[in-house]
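Labels run A, B, C and D following the written order; every chain starts at residue 1.
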Amino acid sequence: MIKVGIVGGTGYTGVELLRFLVNHPQVQIQAVTSRAEAGTSVADIFPNLRGYVDLAFTDPAQENLHECDVVFFATPNGTAMQTTPQLLAAGVKVIDLSADFRIKDIAVWEKWYGMTHACPDLVAEAVYGLPEMNRTAIAKARLIACPGCYPTAVQLGLLPLLRADVIESTPLIADAKSGVSGAGRKAAVPVLMGEAGESFKAYNVAGHRHLPEIVQGLNQVAQQPVNFTFVPHLVPMIRGIHATLYATLKQDNVDLQQLLATHYQNEPFVDVLPARAHPETRNVRGTNMCQLAIHRPQNGSTIVILSVIDNLVKGAAGQAIQNMNIMCELPEAMGLKQVALLP
Amino acid sequence: MIKVGIVGGTGYTGVELLRFLVNHPQVQIQAVTSRAEAGTSVADIFPNLRGYVDLAFTDPAQENLHECDVVFFATPNGTAMQTTPQLLAAGVKVIDLSADFRIKDIAVWEKWYGMTHACPDLVAEAVYGLPEMNRTAIAKARLIACPGCYPTAVQLGLLPLLRADVIESTPLIADAKSGVSGAGRKAAVPVLMGEAGESFKAYNVAGHRHLPEIVQGLNQVAQQPVNFTFVPHLVPMIRGIHATLYATLKQDNVDLQQLLATHYQNEPFVDVLPARAHPETRNVRGTNMCQLAIHRPQNGSTIVILSVIDNLVKGAAGQAIQNMNIMCELPEAMGLKQVALLP
Amino acid sequence: MIKVGIVGGTGYTGVELLRFLVNHPQVQIQAVTSRAEAGTSVADIFPNLRGYVDLAFTDPAQENLHECDVVFFATPNGTAMQTTPQLLAAGVKVIDLSADFRIKDIAVWEKWYGMTHACPDLVAEAVYGLPEMNRTAIAKARLIACPGCYPTAVQLGLLPLLRADVIESTPLIADAKSGVSGAGRKAAVPVLMGEAGESFKAYNVAGHRHLPEIVQGLNQVAQQPVNFTFVPHLVPMIRGIHATLYATLKQDNVDLQQLLATHYQNEPFVDVLPARAHPETRNVRGTNMCQLAIHRPQNGSTIVILSVIDNLVKGAAGQAIQNMNIMCELPEAMGLKQVALLP
Amino acid sequence: MIKVGIVGGTGYTGVELLRFLVNHPQVQIQAVTSRAEAGTSVADIFPNLRGYVDLAFTDPAQENLHECDVVFFATPNGTAMQTTPQLLAAGVKVIDLSADFRIKDIAVWEKWYGMTHACPDLVAEAVYGLPEMNRTAIAKARLIACPGCYPTAVQLGLLPLLRADVIESTPLIADAKSGVSGAGRKAAVPVLMGEAGESFKAYNVAGHRHLPEIVQGLNQVAQQPVNFTFVPHLVPMIRGIHATLYATLKQDNVDLQQLLATHYQNEPFVDVLPARAHPETRNVRGTNMCQLAIHRPQNGSTIVILSVIDNLVKGAAGQAIQNMNIMCELPEAMGLKQVALLP
């Protein structure tokens, strides 16, 4: 059994980690920490876990996380980097769901996240936890930077096409839409139901923190700087990301459907839909799946890729557990075989 | 392995049966029928089942359901009663999710459902599939009438109190609220999102088909005719029933919390919350749980019981599988251990 | 032209007051105050008012509200009572949308609102602003305590029946459901869309602040203490209250439909629907109307009244303006003739 | 007073026409027809109109629409073209909210709408009712083809930039999102709340009927064939369209904010927001406004225009009335001064 600790368990990624881990056959949850809720029963905050979790939240300062095999950070940005060095030194594997280790260029990270990085050397070591790109490196890693939710949906759609060199690197556009749970479980006026319900808007068009993360991934595969535009939107629903991706075709005689299907044919969590399909976010709600579809409207030069994930699962907690399975030499899909709730 | 057939697989209870059964360790799905969709892949209609179900819908007239061990009817009212006699004769266990076998008084049934019953003699034999009331009879039954969704939520809240004789039999009130999936997956103007969204209403106040079913259950336990008022409402959400139940206390010195908690202490799917709790429908979304809470506001004579279920699970497909497990001598919770999706 | 000031303009009742007042032919808005947003353009916070309101929020401490004819308080409880005495002394009419002047028994108010009242003598003078009950007194008043949203929906349904003495005073039950805007526009976890969306729950069953307010009104008309149970619920929608009211019929030979229709026949903002109707909250969304329907299911002794309002309009801003019109001898419906947005 | 008839009054554009027209000071509603609901009171189908409309629906075959000054067609495609010739011959002005007269190329129309046009000669005469483009022609017209909802949102955003020749004509992308009311009020599984709620998807990526309509408008202003990609999406909300438009900048030294603001400075129903703004669909809910914002992320070559309208108002009924006002020499905004409902 793998002894697991969760730091910062009161947010939506925390409860999602718990939802999957309580039914994971090789995991034993040692501790769930929360500074604010120390002493409170986990099931009091999350009544869906009644009967599944008997633990109370503990104070991270008091908790001996060094005894865990794996520690997940489901914390705000800037927290994981404070204690990760000690955990690694103690031989603990660290899987960070926050942004602390995602961006290799420290200056870029510090600009977008507005703080000084506490352990820049570990950033170089950290493996970007997108298994479909980095499975081998993940298997050997002791520190995983889990991708952001938007970057997961966008990169899974664009990377195979860039790698196959069938699309131009400019212009690339990601028109992305997310449910409100992407903003987390902290009190904030813009995601009150009275504000976000029954309305639709773009936000952060001038620049969203996931932009440099996506650009880093696209540039690496394109082997040149791409011209990428990213517009995130808020959807009046709780879960789900739908990325609509636009690119210009480089060559005319390529079977895009075949290319994508072949690329992902052995992936447990990427499902390329048949031609002419339109994935819906609910198809993957509560699951670790990404569904993709590719279109070439009017047989023109602009192609459209549709990519859906559950932002809290493949975009966060599920992908983190997928990484854990790979790192711990368990079957990659262990504990992640959920059928989406439909309707 | 239990060979299972599902008749009428294109509705919401059909897809829910499939969601649970594909991960049930002792079940093999033999056939899923649909007259309208015969030949279509199940996963084309329900893309959440891609990778889990390889079957296509088949025409019920062509399908040899006699080879199944258990057949579920997820059909409109009036269908199951047509073929149940032949299936029983062939030794198949039948679990009907429709209303065909719920009401013992044939005249009452025929009045509320507007048709002549095809096999009234089987109604007498059918066991009402509420395990918390009828577990022993279910274990021996070959024909189960699964309770309606409202009747499940209402009876689980009221029956222990009537049985313990701590509440008056008049007046009993159930103010019940359901998500729109209770109306099924057929095209109808009142449950269009443009009609049911962002609004709340009562419906069928003059009389709902679940009224005689609930009254039958309450009368039986109260051993006298109760005075019961039932007002269903439509909630702008997809899943969930919340029943708010009102009764008059018969005696003053009773510990209601203790009574309810003790009554259900060994039940795998009824969870009595601590005093002062308010169950939310999302706590049980996608699961077979019923959460209950009991209140006595201002220490007065009117008590309030709050009961939540997922109408498609404990109110339909999950309860049907719970019945199957009992009938087939499997652990009662097998295949039903899902953690609710929160948020 | 009536010179109007609004104190506390950044909440939902504030923006609703503005939505109606900008099109009111006899009103000129002098000032909209907000301590937190002083200096910010009103239309920056509420972009629906672009082109209709050119004002910026001002600091209430700096604002000369004494020059207004009417001042509305759209503030948290405890604020209006601080400055109302000075405004009245300066000859300003005050219409308070908060709870400061609603409850005549100061001890009861202080218990439920957890503070000491700043001007108990004015509580005696204040007129409870339910025009359908108190129109004459409102016309002469200088201080109006606008009813709460739940109390408006509940009392409009029950008072005519109590007054006509056709229902028992015990037990009376109000099972009430409100959209999330009832909780206001302040950041709070329980009304995040991720928390309140796609779920339904009761809350404050042990006691809600609107309970003593309703009981005060019912007792007064019943001329005896009623036995009243109030259970509020949160609906996953933005606007609207639906109160489902239960009472026991006192006499058998009464035409309830006729009684209610006659009682309200001259009211501009109460609409008694035909027999067997089910009002929906959307029928009155954005308007000052209350729609009522009355049922006697199975011709039994329990009667059911359905009452819907828009909590922000007839339950707050609209009713406040209706009071203003009466106080200022304007046509009662002036500026309040909106057709509900459907769908 | 202008005598108005509405053909096909039971859909969402019908009830919206009524919502505005009942408060329009210069309009008298003569008839509202519906074949299916002839004889039914309008207020029975639309209870928001109780007290505002006393009419019953009438059979269009029986109704003498020739006596109207203006007839609105709020009918499915293919209906208006059947009777428009007779109405025009009788001197009636016709405003068609359907697609019958929108596309000048009859062959294109017949391909996309799958029927033979009944009066192709009138197509040439019909004026495309986008006042911001065609105000002068509208004033003289007797037949108006009201633009589709998506075409309104997309063209208002792109046309000024094409006209000013500051963007390339290729590639142009419109990633558009609509609430479910765009699908109308007819029973259909995909817009059941159980299907469309809590989910997000693209649809008709291969080709939507609004594509040729938009291309016709863009080509005309660009004076060359544009390369335009259009991807519509379904948002889990009732009202509103948000179009996110992408184009490549042609020249670097242009003040886009200024260009757009100046272009629309005298328009009553187009509101260019300040730089860096993000319009929300709720800002214009229930109103005839279009709000626009323009961005140039990272100062790159791809520009982003955000355009929001209420699909049922500026995208249908409101724009139709705006056309009527222009045709009848009334103030263009008469009867259309509504403040959006927020929240």
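We take it that a residue touches a chain if its C-beta (ideal position, glycine included) is under 8 Å from a C-beta of that chain, and two chains touch if they have at least 3 such contacts.
In this text the structure is predicted, and so the values were computed from the model without any measurement.
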Self-check item: Furthest chain, CA centroid comparison against chain C
Solution: A
Quiz item: Given the two chain pairs B-D and C-D, which is bridged by the higher number of C-beta pairs in contact?
Solution: C-D
Quiz item: Between chain B and chain C, what is the separation of their C-alpha centroids in Å?
Solution: 39
Self-check item: Computed distance of Cα centres, chain D from chain B, in Å
Solution: 45
Quiz item: Whole-Å distance, chain C centre to chain D centre, using C-alpha means?
Solution: 37
Quiz prompt | Multi-partner residues of chain D (at least 2 other chains) | solution = 12, 181, 185, 194-195, 197-198, 236-239, 279-280, 282, 285, 343
Practice problem: Could you pull out which chain A residues touch chain C in their complex? | Solution: 12, 180-181, 183, 185-189, 191-198, 236-238
Practice problem: Write out the stretch or stretches of chain D touching chain A in their complex. | Solution: 171, 173, 175, 177, 179, 194-195, 197-203, 205-207, 227, 229-231, 233, 235-240, 242, 244, 246, 248, 276, 278-282, 285, 295, 297-298, 300-302, 304, 306, 308, 343
Quiz item: Quick one: in the complex, what on chain B touches chain A?
Solution: 12, 15, 18-19, 22-23, 46-52, 181, 185, 197-198, 238-239, 271, 273, 279-280, 282-287, 291, 337, 339-343
